[in-house]
Amino acid sequence: MIVLLTDFGLDGPYTGQVQAALYRQAPGIPVISLFADLAAFDVQGAAYLLPSYTQGFAPGTVFLCVVDPGVGGPRPGMVVRADGRWFVGPGEGLFAILARRAGQIECWRLPDAERAAPSFHARDVFAPVAARLARGGGVTGEAASVETLLQPDWPDDLFRVLYIDRYGNAITGVRAAVIPDGAVLRTGDYLLSQARTFSDVARGVPFWYRNANGLVEIAVSQGRADRELGLRVGTGFRK
Amino acid sequence: MIVLLTDFGLDGPYTGQVQAALYRQAPGIPVISLFADLAAFDVQGAAYLLPSYTQGFAPGTVFLCVVDPGVGGPRPGMVVRADGRWFVGPGEGLFAILARRAGQIECWRLPDAERAAPSFHARDVFAPVAARLARGGGVTGEAASVETLLQPDWPDDLFRVLYIDRYGNAITGVRAAVIPDGAVLRTGDYLLSQARTFSDVARGVPFWYRNANGLVEIAVSQGRADRELGLRVGTGFRK
Amino acid sequence: MIVLLTDFGLDGPYTGQVQAALYRQAPGIPVISLFADLAAFDVQGAAYLLPSYTQGFAPGTVFLCVVDPGVGGPRPGMVVRADGRWFVGPGEGLFAILARRAGQIECWRLPDAERAAPSFHARDVFAPVAARLARGGGVTGEAASVETLLQPDWPDDLFRVLYIDRYGNAITGVRAAVIPDGAVLRTGDYLLSQARTFSDVARGVPFWYRNANGLVEIAVSQGRADRELGLRVGTGFRK
């Protein structure tokens, strides 16, 4: 299976061109979009979502990850193998948190793109590599040090809203496991108690919960946390 | 074929996780999203769209239907077999109109979820059941009375806007077959005559028509009915 | 492979119904959406995007193209074979620029739809034809003159914004090959220099570039050209 995490949007025309390249070069292998609306250009935010949203997939899954403001410039293209899963994409920090948390990790630097459109390496560089890996082919790049992936200055958890979902819920960069059970969180003037899920809370009440991928998420039961609490991508919160 | 009707959005990350679960557990079976943008939490609205938008599919099709404000709470998960098609999802009214209109119907209550994320039964409970049905496996739940699906207080047709499409057309909860041909409908201060399709009407003129799934739909030829007539999900209309 | 270019949106319910028809009638053939958010009713804009966004696909690819304000009216349905690729959709100008630029072209007029929903020929007329072509079946329509496709009054390149992408970049109807390298373009009060790609330009600077499909695209590095330059679909520009 090939899984896309991008800031391309699905409606057009980028995801479709990448899918077409994948279906042509890896026939019969399912292609799924997991995130198509990551915050545009926000490499750091994507880096903190990546490990939590990819950990449930089977070994051998190939993730094509593209938040790539530096496309066409000197930033390298990378292949990462972390705990049996493959990751392909630009190396500007996108795989930094994945690398920090992985048990087993290797990485490779892709050769420079020659005939690629300078604004669309996802289609012309990363998709061919992902298709090859999904077919069971080997890596063609040059082995690189895992240090090249890391961003030593980044914290272990990011106390920021990284993504607003269709309900207005705010997914953050903090693993629920690092917050004591029952802790109260604070964003702006709001205090947020913990709940197990939406239906445990009266309609209209804001709360935080451990979401289905293990991250702290801020929500309002049957309401929109983004509007009601003034949250958007980048908004901070604290314990 | 497995067909999704949800309020998840497609861009991320819920539909992708459900698709991944389905492809893993029912390899080779196509998965299609029919609606990903049902009005959030609006179980009743979804219930009136469901029969009209699923009736054209072949027997054996499995519909995974999730508008689920009560996820993780006491509401049961249900499997319904109606006129040869399968439906899986939460039992809070979502299948009420389907059950009322079906010729042949059976239903089952799913066992309580044990290891499911309390906010994401679609991925952890309903997708495995849908995958099993699509592979030709049997139902694992306990047979239940069809009465548990019904909502006796709900009307046969719902004179409300249930969905605004990308053009600004307003899909309603009323079957065109119950409206006399040529009837004039009224919403707010607007009177709406019937037309066969967009191109039968001059640009900018509002009208109602029998849409391609048999429901009354309110539109403006080459315009946006939502903006021009002040319609949104929940707006009422009458004969 | 069957590739969709439409103004339907992906979230629902039109693309899903078309996909379902295609999977049922052409089992095992991948279906991809390339554009689902073409500007509603803007046949001319779509006509200038079509050749640039379809030229990279393999011979034999079947494109289902639907921007169809005249659906259900007298406009014909067409099948076009251009340089080995198939195109199916309404004949109101959508294939005019494709026909003008193609090396080899043939076209056929589809028989009148009899049992089709008058507002959804994509599902009831065009999808069955596309599925048949994708399976290797022949055309069932009547051979027509290529002149029926052409719009002699339309220019060779359209100096207008045709599409705003998820980043706010503005894709235009002008092939980059007709603009001298290094030319300065002008839109409103803004002068735009050429760049190779985003990362060659300082953050916040507007520019134009040859996009990955060969068209002139107007962008702001790590910004939104639509908001910052006041661009939207229909905005003109000049050399």
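Per-chain residue numbering starts at 1, and chain names A, B and C are given in the order in which the chains are listed.
Just so it is clear, contacts are C-beta pairs under 8 Å (C-beta built on N, C-alpha and C of every residue); 3 or more make two chains touch, one makes a residue touch a chain.
Quick caveat, the model's predicted, so the values are computed rather than measured.
If you sketch which chains touch which, every chain touches every other chain without exception. As for how the two copies chain A and chain C face one another, under half of their interface residue numbers coincide. Its C-alpha atoms superposed on chain C, chain B is turned by 120 degrees; the angle is given in steps of 5. For the pair chain A and chain C, the distance between C-alpha centroids works out to 30 Å. Contact with two or more other chains is made by residues 9-10, 37 of chain A. Those residues of chain C that touch chain B in the complex are listed here as 7-14, 16-17, 19-20, 23-24, 37, 40-41, 69-73, 75, 117-120, 123-124. The part of chain C that touches chain A in the complex is made up of residues 1, 3, 5, 9-10, 30, 32-38, 53, 56-58, 163, 165-167, 196-200, 209, 211-213, 222.
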